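The first chain written gets the first letter, and so on, giving A, B, C and D; residue counts start at 1 in each chain.
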Amino acid sequence: MPEIKFPLILINFKAYKESSGKKGLELAKVAEKVWKETGITIAVAPQLTDLAYIAQSVEIPVFSQHVDNFSPGAHTGYVTLEAVKDAGAVGTMVNHSERRVRLDVIDDIVKRARDLKLTTLVCSNTPEVSAAVAALGPDMIAIEPPELIGTGIPVSRAKPEVVTGTLDLVKKVNPSVKVLTGAGITTGEDVEAALKLGTVGVLLASGVVKAKDWYKAIMDLVRPVLR
Amino acid sequence: MPEIKFPLILINFKAYKESSGKKGLELAKVAEKVWKETGITIAVAPQLTDLAYIAQSVEIPVFSQHVDNFSPGAHTGYVTLEAVKDAGAVGTMVNHSERRVRLDVIDDIVKRARDLKLTTLVCSNTPEVSAAVAALGPDMIAIEPPELIGTGIPVSRAKPEVVTGTLDLVKKVNPSVKVLTGAGITTGEDVEAALKLGTVGVLLASGVVKAKDWYKAIMDLVRPVLR
Amino acid sequence: MPEIKFPLILINFKAYKESSGKKGLELAKVAEKVWKETGITIAVAPQLTDLAYIAQSVEIPVFSQHVDNFSPGAHTGYVTLEAVKDAGAVGTMVNHSERRVRLDVIDDIVKRARDLKLTTLVCSNTPEVSAAVAALGPDMIAIEPPELIGTGIPVSRAKPEVVTGTLDLVKKVNPSVKVLTGAGITTGEDVEAALKLGTVGVLLASGVVKAKDWYKAIMDLVRPVLR
Amino acid sequence: MPEIKFPLILINFKAYKESSGKKGLELAKVAEKVWKETGITIAVAPQLTDLAYIAQSVEIPVFSQHVDNFSPGAHTGYVTLEAVKDAGAVGTMVNHSERRVRLDVIDDIVKRARDLKLTTLVCSNTPEVSAAVAALGPDMIAIEPPELIGTGIPVSRAKPEVVTGTLDLVKKVNPSVKVLTGAGITTGEDVEAALKLGTVGVLLASGVVKAKDWYKAIMDLVRPVLR
């Protein structure tokens, strides 16, 4: 299994046309190239339909964008944690703002993922929700005010208090949970700000996926970490 | 694109552990082998996470088990028709009894799939629901009384009137829609009965996926068609 | 039980603040007054929480805005058909564009409502979906292109072909199903146009609920019917 | 508004046929009678369709069984907090095991209910989920292991560690949140055990609703509190 080191840069492919199928594999290969050249962990979350296709072809950590709360069995059209693991992914995102999940389901998934040695990254929108998630004990939380997602305005600039408030509450409830910064990340400066606030990495999507030159966009993100 | 000929045998991998990841690819390869040896169309519906992985590796028709009603964009964790196409699949199942869908969503998906030249197979549980689906104009309907799914008791034996009732109503509402028989199919005899009732193929899952010898199980299904 | 006669004017209270609680009862009383004065059936669909409160206090037909597909039992927070009946309602709306429902659920609800002698009004958005609904055999269909709802632009003016297309297809699939016109209805002129196109009544909401003078707004709707 | 005092006994009417419509009102009247005779707060959570009907007719606190996360507006078939308030209820249950809710939705509802001065009772299934809920700051949590609901086996006897574990974690995360015991409560002994463990009341359903003599069943519950 590819190792997750911090700082972590996780690229969410969402359901963009630019990151689907063969183009998705190509983007994952570019991310892998930057990792090979710099040693910084660049992880990817491909479209669900491309999960095994990409995870079987790259050495960087691959996450599922979502998982359903079913054990293997007669559950047509649902994604199990076991399928995520068999696809070759290291873990899964849970509760992204575009795919929110029930509280009891987050609890179940976090527990079952732990048993399966899959890494969980649970998304959150406010410090209070982050504290709630921390009580469930996932590996990581990504704090992303939904109103900033896709805007290019980083939360670290627009609402730093949401990030620091999350760090404070998470530390109090469950200090072993790591926090990433999401929403509006596009530049190396944004990554730098996220790390300065005390988070251990970033979650981003359009900032890379929609960039004209993927290699340049990802290299720009890792530059402040290299210094 | 692999061509769909009738009779069609469609194997739904569901979320079974026996058909996940590398094992899923292996099962698809066995299905492909039977097609090569017999010329009978064996299609597969792999787990969502394996869709591109399998569709890029076999020459038989591959279906998605499910699709969400989104266009490409910022829809983390959802499966678009475009992603299904980019994965290399020929079409998608819709409204399986384990993953029912809203009426307006079936309508949207059928229309958008037509534009994208993707084949739609909509599942149904009663003659009335089959008639309703036929009004939306999908390529195929699979009639599956949910209470027989996974039982090994074929609908053609337990409730033939559900199949013939579906054929009658579908013919009246939209004669261009093809009908498959599902639920409880495990043997070549069941396939034979399905074709005799007037349907153009079968949809099955555990009858193959849970079989000890996949090749033998699939060969047994196609035997009556070969005679 | 209050009798439903045609033409029927059904006022949907939605979740507007103007039609909630005591104000909802007051609005229902105004509708009842118009019925008493004119003999035209004015039915109301109060907010779910007000259903019994209003149905027990007026003599006009009361509909539920929605119903869940459960039999009575341990289903906290869900609305059963039996509860709708015990509340004193004559029937239920199903599949409103703001609360769409699964195809198999519409089928179940229509069948169970028939057994309970509750009237079903299923909403639809296109002629094809209307035909699909007709195949399930509800008492009534309301055709409402969602993009016109709440606009004040009546479908009879903006898209008369959606109404006539629905009438044609419904007649073909199941001629016993009655069709209402919805979306954008605010004036007596709109009601007149709906009846001229061949539908048996109208479904409307903001046109009455948001009116300054409820009595005047409802009287204006029934005027062309009285002539 | 009727005042909530502790210990609190909250009777959930669920969707039982025994507690629907006029029978629901009758049951609420019996609960009110016990309150008048003993001074112990007996609150009720009627079926959604009966909420205003019952809340307008009794002086005891009435809760909604569920609420949707919408503001007043064009949301046909959904229950808003404002409708709950206009119906005359003092608050709402949220996230019952039969009607689980998304984490971000619980957060929104708790905040909006606070602004509207509505009391929130959020249900939970494990100590970890209770801690998560406590981080969101509702007024009350009811801890109910779903496997015991409706069994007549009280959690205080079968799994006291779930109750005490909840109390410990909730105290740590947010000591202002009150905890009720749910699941399997039927007798005064169960109420006594719940209070001894440190919770401030009970949430129950079938133990009262399905009892042959409602008055006797509720009086039996309050007896240990009276001593």
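Simple rule for what comes next: a residue touches a chain if its C-beta (ideal position, glycine included) is under 8 Å from a C-beta of that chain, and two chains touch if they have at least 3 such contacts.
Being a predicted model, the structure only gives us computed values, none of them experimental.
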Provide the labels of all chains in contact with chain A and in contact with chain B. none
Touch-network distance, chain A to chain C, counted in steps: 2
Farthest-lying chain, centroid of Cα atoms versus that of chain B: D
Please decide if copies chain C and chain D contact each other with the same set of residue positions, more than half shared, or with different positions, and reply same or different. same
Please compute the C-alpha centroid of chain B, do the same for chain D, then give the distance between them in whole Å. 45
Averaged over CA atoms, how far is the centre of chain C from the centre of chain D? Could you give it in whole Å? 33
What whole-Å value do you get for the distance between chain A and chain D if each is reduced to the mean of its CA atoms? 37
Got the chain A residues that touch at least 2 other chains? 97
Tell me the shape of the graph of touching chains, choosing from line, ring, star, complete and other. ring
Chain B partner, complex, touching residues on chain A are 12, 14-17, 20-24, 45, 47-54, 56, 64-66, 70, 72-80, 82-89, 93, 96-99, 149-150, 205-206
In the complex, the residues of chain A that touch chain D are 95, 97, 100-107, 125-126, 128-129, 131-137, 169, 173
